[in-house]
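Chain nomenclature is as follows: A, B, C and D, assigned in order of appearance, with residue numbering initiated at 1 for each chain independently.
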Amino acid sequence: MSEQTSHPSVPEMGFADAQSMGLSAEEWQLILKRLERTPNQCELGIFSAMWSEHCSYKSSRRWLKTLPTEGPQVIQGPGENAGVVDIGDGLATVFKIESHNHPSFIEPYQGAATGVGGILRDVFTMGARPVALLNALRFGAPENDKTKHLVSGVVAGIGGYGNCIGIPTVGGEVNFHASYNGNILVNAMAVGLAHSDRIFYSAATGAGNPVIYVGAKTGRDGIHGATMASTEFSDETESKRPTVQVGDPFTGKLLMEACLELMAADAVLSIQDMGAAGLTSSSVEMASKGGLGMEIDLDLVPVREDGMSAYEIMLSESQERMLMVIDPSQAEIARAIFDKWDLDFMPIGRVTETDRLVLLKDGGVACDIPLAPLVDDAPEYDRPYQADDTQPQLTTAELATDSSVSNVLKSLIATSDIASRRWVYEQYDSHVMADTMAGPGGDAALIRVHGTTKGLAMSTDCTPRYVEADPFEGGKQAVAESYRNLCATGAKPLAVTNNLNFGNPEKQNIMAQIVGSVNGMGEACRGLDTPVVSGNVSLYNETDGVAIQPCPVIGMVGVIDDVSQAVGIGVTQAGTSLFIVGQETSSDDGWLGCSLYARSIAGRDGGAPPPVTIAEEARNGTFIREQIALQHISACHDISDGGLVVAVAEMVMAGTKGATIQMPETATLHGWAFGEDQGRYIVAVQNPDGFSLAATAASVPVALLGTVTDGAELKCGNEAPISVSDLRTVNEAFLPDLMR
Amino acid sequence: MRAAIIIFPGSNCDRDMMVALERITGRRPALIWHKETSIDPVDMMILPGGFSFGDYLRCGALAARSPAIEAVIDHASRGGAVLGVCNGFQILLETGLLPGTLVRNADLKFVCRETSLAVQKTTASLFTDGLQDGQVLTIPVAHNEGNYFAPEDQLAMLEDNGQIALRYTEGSHPGPANPNGAAHDIAGIISENGRVMGMMPHPERAIGDGHHSADGRIFLQAALEGVAQ
Amino acid sequence: MQVTINISLKEGVLDPEGRAVETSLQSLGFHEASNVRIGKQITLSIDAEDAARAQQRAARMCESLLTNTVIEDYSIEVIEDE
Amino acid sequence: MQVTINISLKEGVLDPEGRAVETSLQSLGFHEASNVRIGKQITLSIDAEDAARAQQRAARMCESLLTNTVIEDYSIEVIEDE
């Protein structure tokens, strides 16, 4: 016990200790210099957590700064718990995405569940009621031994938390690739609604004000999770099995309701959830953002276990906890609210004027360090980078095969990339709150906004194979695809959050992936007027030296003014005409390089991905939204994985009718049918002539593709028709078969 | 028509039910915190869906021991109408107001999807009097423990007494009609006097206005009219 | 006093989880496993003057909350503190 | 052979269910109850030549399926058939 009780410098730490906490020699030297003495264990732990990649963004910060973060719609950009975007009517949407990759690999259920819990806290900390959850998941190859176990645990965990706390999970993405065999990705996104003049921030205010700890008790869960999330995985870490955090969605729900009630009562001055690095990051961030100091008596922290050291209390990642500064005159009201919800409410310290973090324990000082170096002087690296060789541009001719379009279609929609995700999303409560106007299974999800006619639209997207082949184009593409998903429902995209999942940034080619995709993302966000308002970085996603396919996930949120005018992807009206938007009739030599066709049918990985032209994306997206608002479009779907014919098949499977499409007479038919050229949509319209005229007026190329029919068949050119129920059977099989 | 919705810590469909009833009747139901020991007289008490007490121990077990439940039992014993939806159904079984139990879905997975329900009018009940026998309603479910179970003799009794009010039936969903393995395809049952009903599907999520279906509104409307009779 | 309460499903009561576990065990090659049933084990401390009293209180807890007597049986073990 | 496997959360791992049950017991007037932890008890038959072998197979089942060794401990009891 005596180790932490007396003076800060006992026991003395050495470089070896720093190293074991993930700090480099330079960082150790920097700490000694800033402190002008040797840190004790607790202090060193605090430095190591705050300077971890996870908290400090030391490898990515330089590049993140280049992203556009401003716009008239932005109320709060990156730097707070979540981004805040104006949606009119005095309302704002608050959202963020976050990764829980490593914990989910070790304990898939709890890892995924606590990921969801954590991102929800980020959103309600800002004063917003969470209204929707999304996720982006990447698993190893379907045939890998661990995949099945990880899929079932992660999906159950996401559902376990979201379903219980009562926030609908409305969308996401799942993909499989061998590069994720030893390092899955579990990214969770939460979207909330708040009054735009009632946003809560983390900066501490008012020296002397009480610092209150609320929520669940502190245990020894996930100590040093933030540093774990910042180092490479190896079989050794797997066997080390750190105490994992266990989520408690029930307490999470109580905490959410209590916090929202407290905020409505005007008692909160500043508030911060305890996420990665727990009490350390919350206290440091609150104090430093407020330009103040903080003093905490660790003996007052509600703990679950006996004999916890200062180090353990500060670095515990126990879930469902918050730190707040409250108005002392409101303390009784605040306490009554937490009593009602049966939650701990404990004044543990106060805001000070010292610019220092002072921690007391067992009558002594357990830590006394200046705040500035923890945050402002956190190391920032300009890591060298060198891109891998650029991929060759593959021609359609060299990828052609003999199969008929219908046969290729049937193969493609059965693949792991395109197969229906129903097995996943039916385990998520997608309509609790009763505001889900469009849930999983379409392009973007839509959530109605009470008291208005509006709907929030949201989607998560990334195509790692494109990013791997060309980080810049791939980064652009992730934004463009999200943008298309929103536009396809009729919603105007407003802003994005991103989750940069990469390998070890100390390797030059990985760093080049980061730089390239952030640059691409930035260009797309600028061009599409969707600034980045929040995000997360997850690096060192490697196992035994092999990196994952880079996966910079975009989460985009937008608004549709009248949600009753939104359209879905399913075709429902026979006799309507199908058009391709964003493509001339003559341009039938599609882009097959890096496509799913190339990989699954032609057996050829790689090749340059389809380029994205942002100006065309903006023009086409705007046109689609206008036509939907004018109610000229009855179904709409963007063209992405698998290309044109796959998109048509998805519209038919999701709808109640069949379709007939004309196919060009061309030597490069497979390019036309399965090319993944960007910026395109398929729409069903009532009035083809009017639609063509409008497109011409907007300078948007469109081409008539076919008709929606009463039959239950999809007919491609002169090929034998395929019954829609056969398509569904093929498309639905993959996940249930895998998970059987 | 006065309705009260009882809220337990962890309930999460209380607001949904309130909004649905308000849209249907134009009148906002009373919201009652589970610690209340007395409840002003109402025509119908509703136990909403969610995860009361985190579904810990057994679904509905901890909620069924809440102070407000005594008022619900009292109300029911005086012939008052009670509706339990999803977790509310689980709570009703734990209180003993309805027989049987709900165990984990046969495939051990949470299930959220549309289901088709056939209305069974084998006995008089305020909940089904306004509906047609065999009428099919499309209403979603979302639960982990909706697999209705009772010993064979009790099931036979439920059948004989006409207490099975809703049964899963074939519909448009690609999966099996019965989403959870419930005995006798039971989706909802009523008490012998027809005044207490528990059901797994969520009518409040199918009241039109952008929901996939408006059949939940048909169901709730019929129940509200039944109570008013 | 340290008390352990074992709660098992009554015979004849459906146990989907037990069945699923049995199937998984079989498919993992544990062909010798059968009749898998899943129950609960609750451990708690009870502050009581003697074992008999602890036993009695535990039984009350089972009857009033811990078990669903329609489908579950229980047994109680008390270990006296030394 | 009749085998009972008791699975409990490792010490220090949060047991939200145990906590909720404890609170509920308290509010029902069982103030003498504390430290409530909830685990699982799996019973099964194992066809094996002797108890040692049954024990060994049960341990294998625990490691490969029945327990989550990251957060759970287990113990095995074998009752020989007569």
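The rule is simple: a contact is a pair of C-beta atoms (placed from the backbone, for glycine too) under 8 Å apart; a residue touches a chain by one contact, two chains touch by 3 or more.
Since the model is a prediction, treat every value here as computed from it, not as a measurement.
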More contacts between chains, B-C or A-B: A-B
Distance between the centres, which are taken as Cα means, of chain B and chain A, whole angstrom: 36
Cα-centroid distance, chain B relative to chain C, in whole angstrom: 29
Mean-CA-position distance for chain D and chain C (Å): 9
Euclidean distance of C-alpha centroids - chain B vs chain D, Å: 34
Residues of chain C whose C-beta touches two or more other chains: 64-66
Sites on chain B at which at least two other chains make contact: 53-54, 56-57, 62, 65
Two or more partner chains touched - positions in chain A: 248, 250-251, 342
Category of the chain touch graph - line, ring, star, complete, other: other
Interfacial residue positions of chain D with respect to chain A in the complex: 10, 12-16, 20, 23, 68-71
Chain A-touching residues of chain B, taken from the complex the two chains share: 9-10, 12-13, 15-16, 19-20, 49-51, 53-56, 109-113, 140, 142, 144, 174-175, 202, 204-205, 207, 210-211
Chain D residues within the chain C interface of the complex: 6-8, 18, 21-22, 24-25, 28, 30, 32-48, 57, 60-61, 64-66
Contact set on chain A toward chain B in their complex: 156, 159-160, 163-166, 248-251, 253-254, 341-342, 422, 425-434, 437, 448, 450, 563-564, 728, 732
In the complex with chain B, residue positions of chain D that touch it: 16-17, 20-21, 24, 27-28, 38
